[in-house]
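Two complexes, one shared chain (subunit A), two partners (subunit B, subunit C).
So, the complex of A and B:
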């Protein structure tokens, strides 16, 4: 157990627990107008950051530990989001604009007479939960099974994952796919009987996001400190050698890739009720690449770095797009270039180096630090 | 005061022109008068002055019959509402308000012009006028006007036009106009209640031979009460036409595919060079294309403002400029960023993505987020009709251009020392270094070459796509697919990849729709890459495993 919950993990979990207590408290208990008060719109915003952090965590698991640079994790995120969105749409019931008890508004608008088969069951929350895990997982499994078996690696794999999310984006933009086309799914009313607009629901969703992130983090820690994790790191550093040692490299990759996709799906599912919409834009290749840069900024192969990077970059994005929107892309682009050139190990890696120099004592890092060589 | 003088001179000019017409006009009229038509022509003119719709209608018909050279101008004036009458005379109001005598085209004195009133028309007269103009312009020396006239007759299906149509057909030489006239004639006969069954069958046969969309529509809309044999003949003709059209349609789709393939080839070929030599995925490649397109825009701006006469040559000026600008930016990127990331292809991918964001936003800041207007030179507009195919000149130009670029690059790689070094580095970087090739310099030059080619691709794409900061992004994934599909072994892979994807895309479109077709293609490539992880034309040997 102590290998899973190391010092870094303790710090992360304590900070997350603090966030789960402090942010709701600042929103609920502190009087409006006081410096400690957190206005209502910030709670779902922070919740959104946490979902992104969970997505970053899933990217770090495959990229930082297995060396698979996926440029398509946004697709798994969005699929999880759509599964949740479909549940939320079914909950709207007859309160939609067209007041159809079964069909969501956009289907009535498109003159559909009955619910498509793949929408069946989404009125049950457990079924939706299952789909949130199963759909991204199944896609990752099928894609990975094909890709890893025929040894598509490196940039080829990255480009194929990008093509995958691009193809899904085009598909979801189509109206006759049955997922709301351009507009996606929105105008949600309630989740498990609670209004999604209500303050208490938003706080509950925030706390749930913290819990999901903490659980995801512990899960990833467990994976990387298990024997599986050791083999996966070996694959990252020397794939052919690992194969020659007798390990079924494809199977290890497939397990990690599928698990990571499921984590991304959970992140998407928590994201949707907090922002109130899911549309095909979430599949855009740019989104997936942005998730990769969060990991790079925080420090790949550190897990905690992925969370940190997602929070820092997204806070920066919120600030930039509010204050100087036209400079955000310059900043983001510059971040990509500078981090890859000057901070290959990210914030945590750089901090670690400084820490080591100060302490001048070798730290036990157990392969968590990003290796310079990506191959 | 000045305006008055100007006005005076304007009038003088017009009256000078009118005087010239006055000199020539009577000559023509006299010629006409001396022919046998003199009587009907004058009668027709008198009918137009009676201010009676039925008379006007009959007058128009008579005027057409007369075949007088002035008839067209008079009927044209009637349509435009500038035909005036009074005192048994006809006049036409000119653009400057000066009326000329309708029969002689001589200017009228002001006192005469004062008492004139416009000839009134109703719907019936208007129809007659349209049909009359249609049948009359069938004989016009201007090809375009004859074509328009044939189309007008086809629309009106007025049996009165039949004689002039036959006359026009007998002397028509231009194929396109002849087809239009034949269509019109068949349409009239088919819709004429009193035409003989034999004529109708002949008309159906004519339409069957024409074999175009119009003919198909005419055959589909046979008037009620057609005899069974006519219907059968029409059905048979329709089937033949439909089969014929399907064939042309497929050919047209293949052409669209080749055209799309050329666009993909242009966009991907530079990418193939950089990816091939350096194993580097340049995510900013699309932005090089965009920079090329914006270079074209700037060149055209300068030409518009300073030397409008050069507009036809604007693309030729833009080509070398785009190559240099995009190439220079490419070399700068290589020297400043990519050089430090060798051996780390995934990091390079991220860094170049960042660069692409910066370049996009830079262009957006400089030129604004909206589309910029890039003009098409005169010589590139229009279309070539080849049987049932319609090939627009700008697409033809792009196809030729893409192949020219491809051939040039092939020659550069084959016969120049830079090409030799680049191939050596592609095949085995370390070995190339060992025999004295300065691989890092070759990298920079290869990157510059690839970016420069992207720049000239941008010049070509500016002719068929919107020039906006997002131009590059829309091509980048397709270009990757081409490179991944074709492999990086040599440029032929890129050609085959681009053309296959282009044609497959356009052939899928009619069945699956544009978006679904594209998705199917992406899925097909994802599956294909399982079979051949390094593409169609993969490098073989030890170096390929590196």
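So, the complex of A and C:
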């Protein structure tokens, strides 16, 4: 029988708890110069990885469990990011270059006289929080409502999701959209009254990212271990069979897709204050494809694999772009090809297989299959 | 035009389905009574599977009516809604959820609220567990309940699928070639099981295996080129000259 907190979940949650303790401690307590010291710029970098891990988790929920290969999840991430960015811009107030108490700098620069209606309310943090969930959720709901009802699946659906994020990128590049155009939103000052540059704020954002990832993971575990999760896997494996059992497949896809988009939105919202900027580049189709690669590398349909894949690939990316930046895209492409060919179940799947082989003794293979199935 | 109604459980009237001008069903009419069991025979391409597609909402007829249980117009409904009305279907090739355990396959089929949020919050209670136990017993898969469906033999998958059909508690069961790929013993057992099921609900079985059809001992309809060629007891139908010509006498 399924439990929400299985063995895998215990491992994930313990590791995340450790990260939330050890990394701040290494930054704050260890003396600079000691091997245990973590320099200040690494804290938001690791925080960024965690946001990517949450994005990967959301991709795994729709792709790994429901078979919807979304190549547009970067759009939900970016929308969550913009919602947070709008809050942060409104917090700048008269400290901007043009010192307008209400209008962000770019609006003054464009000679706008008043705040566009969709910027109203973003000075309130709870409202911004609501929008971080509602905007990606609403887009996913509307998109999914049309796509799933007309039974668009497979490659066609993937192409539509790419087109969606591409169209949003073009729209956000335009100055008259009211989101800062090309430059996006940046030069943030503080969040809830705390300076975004302060060491303590960065630590707090890091710990919040860990907490969000842990909460997102538990939420996903709850969903996939429920009967809804079983239906969703059934849809992935035999969609029409599921319909003939009386399940309205489009409703299930819509629920999972919308939930997943909201998770991606939260990831984007935590990302923005840690990197200090959100611009239309976050909508780039390549970003969404990268997120899918993280999941494939870690192992799709496992949740923990998505987290692992995001962390491993992004750590690799940081190293590569520092050492040999021009080769990063080749490395990423090569990695994807290698994983697809030789590790179709990703790192986690491959590790699982090795582990099982080491452990299994001939006489208890049957019992093991049974307990594996029962998980 | 007033909504058509039917005193029988299922009523197909003048149903025509064309694929690129080719008539897979050609003005087919057929009535199935409550608690009736019917065997459908006919050569390959006669339209047997297409007929099931029409009844279950997978194919939409160009012409004709399909009415179920009073006044439900099947041609206007989608697959899931039709399934919820009480029509269960077993496919020609066994389709079970391979990545789920045998038990979970039954659980998913079990008659229950099908809305996503009910599924999210649903917890397996005692009644449900007993239903699952009884069904697994009935299709003889109790010992295999924790195995993945993918690990079952072909015959076991067929039975699992029948178990899933029963779990749905349909009023009408459509069974497409259940004996295909089964051993003689499995075939005989399957005929027994279907006869037993037919005591409480209507069953339509498509089958090529004449021994199997004889075992069922029910009214037979022979389809040919999308329409009914002959209908009646097996002895009468199999003595029909046209039936011998197009089907039996090959």
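Keep in mind that, in the parts below, the second predicted complex is superposed on the first by the 358 of 375 C-alpha atoms of A that agree within 3 Å, B and C clash if a C-alpha of one lies under 4 Å from a C-alpha of the other, contacts with A are read in each partner's own complex, and residues count from 1 in each chain.
Convention: a contact is a pair of C-beta atoms (placed from the backbone, for glycine too) under 8 Å apart; a residue touches a chain by one contact, two chains touch by 3 or more.
Bear in mind that the values here come from a model prediction, so they are computed numbers and not experimental data.
> Which of the two partners, first being subunit B and second being subunit C, lies in contact with A:249: first, second, both, or neither?
Touch status of A:249: second partner only.
> Once the structures are superposed on A, label A:238 by its partner contacts, choosing first (subunit B), second (subunit C), both or neither.
In the superposition, A:238 touches subunit C alone.
> Taking the superposition on A as described, I'd like to know which of subunit B and subunit C A:230 touches: first, second, both or neither.
second
> For subunit A, which side has the bigger count of touched residues, subunit B or subunit C?
B
> Looking at A:174 after the superposition, I want to know if it touches subunit B, subunit C, both of them or none. Which is it: first, second, both, neither?
It touches subunit B, and subunit C stays clear.
> Given the touch rule stated above, what does A:199 touch, subunit B (first), subunit C (second), both, or neither?
Neither: A:199 stays clear of subunit B and subunit C.
> Which subunit A residues are contacted by subunit C in one complex and by subunit B in the other?
Overlap of subunit B and subunit C footprints on subunit A: residues 373-374.
> In the complex formed with subunit A, which residues of subunit B make contact?
279, 281, 337, 340-341, 343-351, 353-358, 360-362, 364-365, 477, 480-481, 484, 515-516, 518-519, 522-523, 525-527, 529-531, 533-534
> Quick one: in the complex, what on subunit A touches subunit B?
Going through subunit A, the ones touching subunit B are 69, 143, 146-147, 149-152, 154-156, 158-160, 162-164, 166-167, 170-171, 173-174, 285, 289, 292-293, 296, 326-327, 329-330, 332-337, 339-341, 344, 372-375.
> So in the complex, which bits of subunit C are touching subunit A?
Residues 56, 58, 78-81, 83-84, 88-89, 91, 95-101, 104, 107-109, 114-117, 119-122, 124, 146-148, 151, 164, 168.
> Under the stated contact criterion, what part of subunit A meets subunit C in this complex?
Against subunit C, subunit A makes touches at 1, 223, 226-228, 230-231, 233-234, 237-238, 240-249, 251-252, 255, 369-371, 373-374.
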